[in-house]
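What follows is a set of structures to go through.
Each of the next two complexes has chain A plus one more chain, namely chain B in the first and chain C in the second.
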Partner chain A sequence: MHYTFDIERGNFADAGQASSSVKRTLKQLGVAPANIRRAVVALFEAEINAVAHAYGGTIDVDIDGSKIVMVVADQGPGIPDLDAAMQEGWSTASAKVREMGYGAGMGLPNIKKNTDDLKIDTKVGVGTTVTMTIYLA
Partner chain B sequence: MAYTEPAFKHSLKINDYLCQGCTTCMRSCPTGAIRIRNGKAHVNDNKCVDCGECMKVCPHKAIYIKQDDFALIENYRYRVCLVPTTFIGQFEQKYKTKAIYACLKRIGFTHIYEVEHEVEYIVELYNKYIDQHPEINTFISPYCPAVIRLIQVRFPSLVDNIIKVRAPSELAALIMSNRLIDEGASPESIGIFYVTPCAAKIAAVKYPVSHKDTRIAGVINMDFLYNKVKLMLRDSDNDAEPVNHSLSTKDVLWPLPGGEASLFNGSHYAVDGLQNVLNFLERLEDEAVDAQGLVEMRICDQGCVGGVLAINNRFVARKRLEDRARLFDDPSRNTSRYTRYNNPEFCKWIDEQMEIPEIKPRSIYKLDDDFQEAFKMAERMKKIEKALPGVNCSACGAPSCAALAEDIVRGDANINSCIFLNRHSPDSEEIIRSIWGDHVKTRKTDNEKNNQ
Partner chain C sequence: MTVKEIIEKLQLQCLNEANLDAEVTGAYASDLLSDVMGNARSGQVWITMQTHKNVTAIASLRDLAAVVIVRGGMPDQDMLDHAKDEDVCILVSQDPTFQVCGKLYEILK
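Right, the complex of A and B next:
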């Protein structure tokens, strides 16, 4: 099953629609609540990252009989130092974004914690593609 | 079908004579429990959470709440009216609380006992539970039974966040029956009748989530009792026996939003109203809010004064209850608690009685117990949803196109039920009649009439 969503820059209020929709499907499939939560938390974090940092992007979700693969691809500044970004507390978020309660530097570490496979392709000045896999069975 | 055993039983009923099949209730139901068949609303017992939203919106007064026969109280020598303070909030302040209670006695009760007498101990039980579960961050109050059921069916991953303590009405019934037994009453001679502002609390007494026995002998709908009292009430009634209150102002305010939270000393949230509760639970489930401490949740807007059986406008009732509450906290009031609370053995027994052993998740979303089968069904559902017009007209007897798609894959409906897709089919008239019954005009019924 395939789902596609658009990401709008700076629209924090509407973020979470993709994770809500994915959550519903996983509930229909009777996936264990712990795995549903991991998928939803990871997808929401990745979406918030794109909303906060990028100029827009797309979310593609594929669910098959054994796993869920979520790809969040954005057109944005890219991540100059990926190793640093994977550390808890490291963030490039603007003061404005931090004021909204985001940008604590927990995004990528949190995604890593909640996924079974995580692949990040990033190019400075072009954008970032985050591919997250969770095995359901 | 994944679920066949009826997990829940309910007190909400539909009067088929009054029901017009107008879809208003179906569209407002938060769990999608209602369908129209043969022109009447039908409730799926496994999905209904007794929130009462359908009854609030029904324009034909076709939904009602079954209550116990009032004459039942005659079977007991000690007839206790277990009344929440929501009840006195229904009356204008010119009627003294003692006058209201005098009317209840004239109707036939021997004792009046407010549920809120025990809320202080309920909060102590919350605190004990919270201390025993350091692994949990967010504790959801178990007070509103509709919230418990809503979590079971729509947010099953949150069942472990509910504090497993039974309702204050159960504790009040336990304490009151013990008090009477202390005074020499035999257990069989005590009949405790709980006055309820909503459908969910009746269901919680009759079909408790704890599966434990109750000391409540019967349930009386608040509107029924209000009418009886209102007819007898005189504002000049000053001769009434004074009420020996031991309630504090905070106790009296318990049924209002923030009522539980105000007695709780830790970090707390107070959420009321169906949509707010749904949003908050959704965010909690996604871990999008980090709510530490106690989350009080009431499914009715303005808390229990917004209950479907409360009589007055909820904002008026709230104001009246707040005004009346200020009269409590009387320095001369008897603040001593039930003496046996000093006995550790008794408290241990009470704690056991008040415990809910387990709250089971009962997801209404799961399509099948087998993952591969559920996967096939979900795929089919997505395809069907795409084929449907997406206008959510409800003419198929389901609340939305998505709901119809789900009904179809579950085998409960047919794609032909969609009148958009089916408008040119020769069977369309039959199908429309099977959903809407005979009160829908179709070409066939017109022809039959003309032939007569």
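Right, the complex of A and C next:
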């Protein structure tokens, strides 16, 4: 099964819609609650990252009997220092985003913790593609 | 302890009735959204002073029993509409975070 969602820059109000929709689908498919939780945490964080930092993007979710693959691809500034970005507490979020309770530098660490496989392709000035895989076995 | 019993014991204002008979398994207090996303557990009550729509998104995604907004904070209309759509119970306390946590700890421990 394949699902696609659009991400709009700065649209925090609708952030989480893709995650909600994926959660409903996984529930209907009878996926174990622990795996639903991991998928939802990772996808929500990636969605928020794209809304907060990028200029728009897409979310592609593929679900089959053995795994969930979620790809969040944005056109954005890219991540200049990916090692730093993976550290808990490191953030480049704006004051406005921090006021909302984001920008604690926990997004990428949350994604890493909740996925079995994480691949981040990023190019400064071009964008970032985050590929997150959860195995259902 | 159900959500309804907590509303009575802490004299909370209920802005969106949902899951009133849900069993509360504990509570998590934080204003950092990724902290809650990553560390709260389903069935817990979330204590926060954040009042925007992403709060209901997280409460719903993580199957939290209810959100308690501290110090009389008022959610924006977007958040209330979203809470209705997603069946998230929204409660308000006039107390600050520390007092709400203390009272909840006493009745949930």
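Following the convention adopted for this analysis, the second predicted complex is superposed on the first by the 137 of 137 C-alpha atoms of A that agree within 3 Å, B and C clash if a C-alpha of one lies under 4 Å from a C-alpha of the other, contacts with A are read in each partner's own complex, and residues count from 1 in each chain.
As a working rule, a residue touches a chain if its C-beta (ideal position, glycine included) is under 8 Å from a C-beta of that chain, and two chains touch if they have at least 3 such contacts.
Treat the numbers as computed from the prediction; the structure is a model and nothing was measured.
Legend: residue contacts after superposition of the two complexes on their common chain; A:Gly107 is shown touching chain C, with no touch to chain B. Touch criterion not met for A:Gly125: it reaches neither chain B nor chain C. Contacts of A:Ala137 after superposition on the shared chain: chain B is touched, whereas chain C is not.
When the shared chain is aligned, chain C comes close enough to touch A:Ala13, but chain B does not. By the touch criterion defined above, A:Arg37 lies against chain B and chain C together after alignment on the C-alpha atoms of chain A. Using the contact criterion defined above for the overlaid structures, shared-chain residue A:Gly89 touches neither chain B nor chain C, since it reaches no partner.
When the shared chain is aligned, chain B and chain C each come close enough to touch A:Lys23.
Note: residues 16, 19-20, 23, 33, 37, 40-41, 44 of chain A belong to the chain B contact set and to the chain C contact set alike, using the contact criterion stated above. Residues 31-35, 37-38, 42, 48, 50, 52-54, 57-58, 60-62, 78, 86 of chain C are the ones that touch chain A when the two sit in their complex.
Only residues 12-13, 15-16, 19-20, 23, 33, 37, 40-41, 44-45, 48, 100-102, 104, 106-107, 109-110, 113-114 of chain A touch chain C when the two sit together in their complex.
Within the complex formed with chain B, the residues of chain A that make contact are 1, 16, 19-20, 23-25, 27-31, 33-34, 36-37, 40-41, 44, 63-65, 136-137. Touching chain A in their complex are the following residues of chain B: 156-157, 282, 285-288, 361, 363, 365-369, 371-372, 374-375, 377-379, 381-382.
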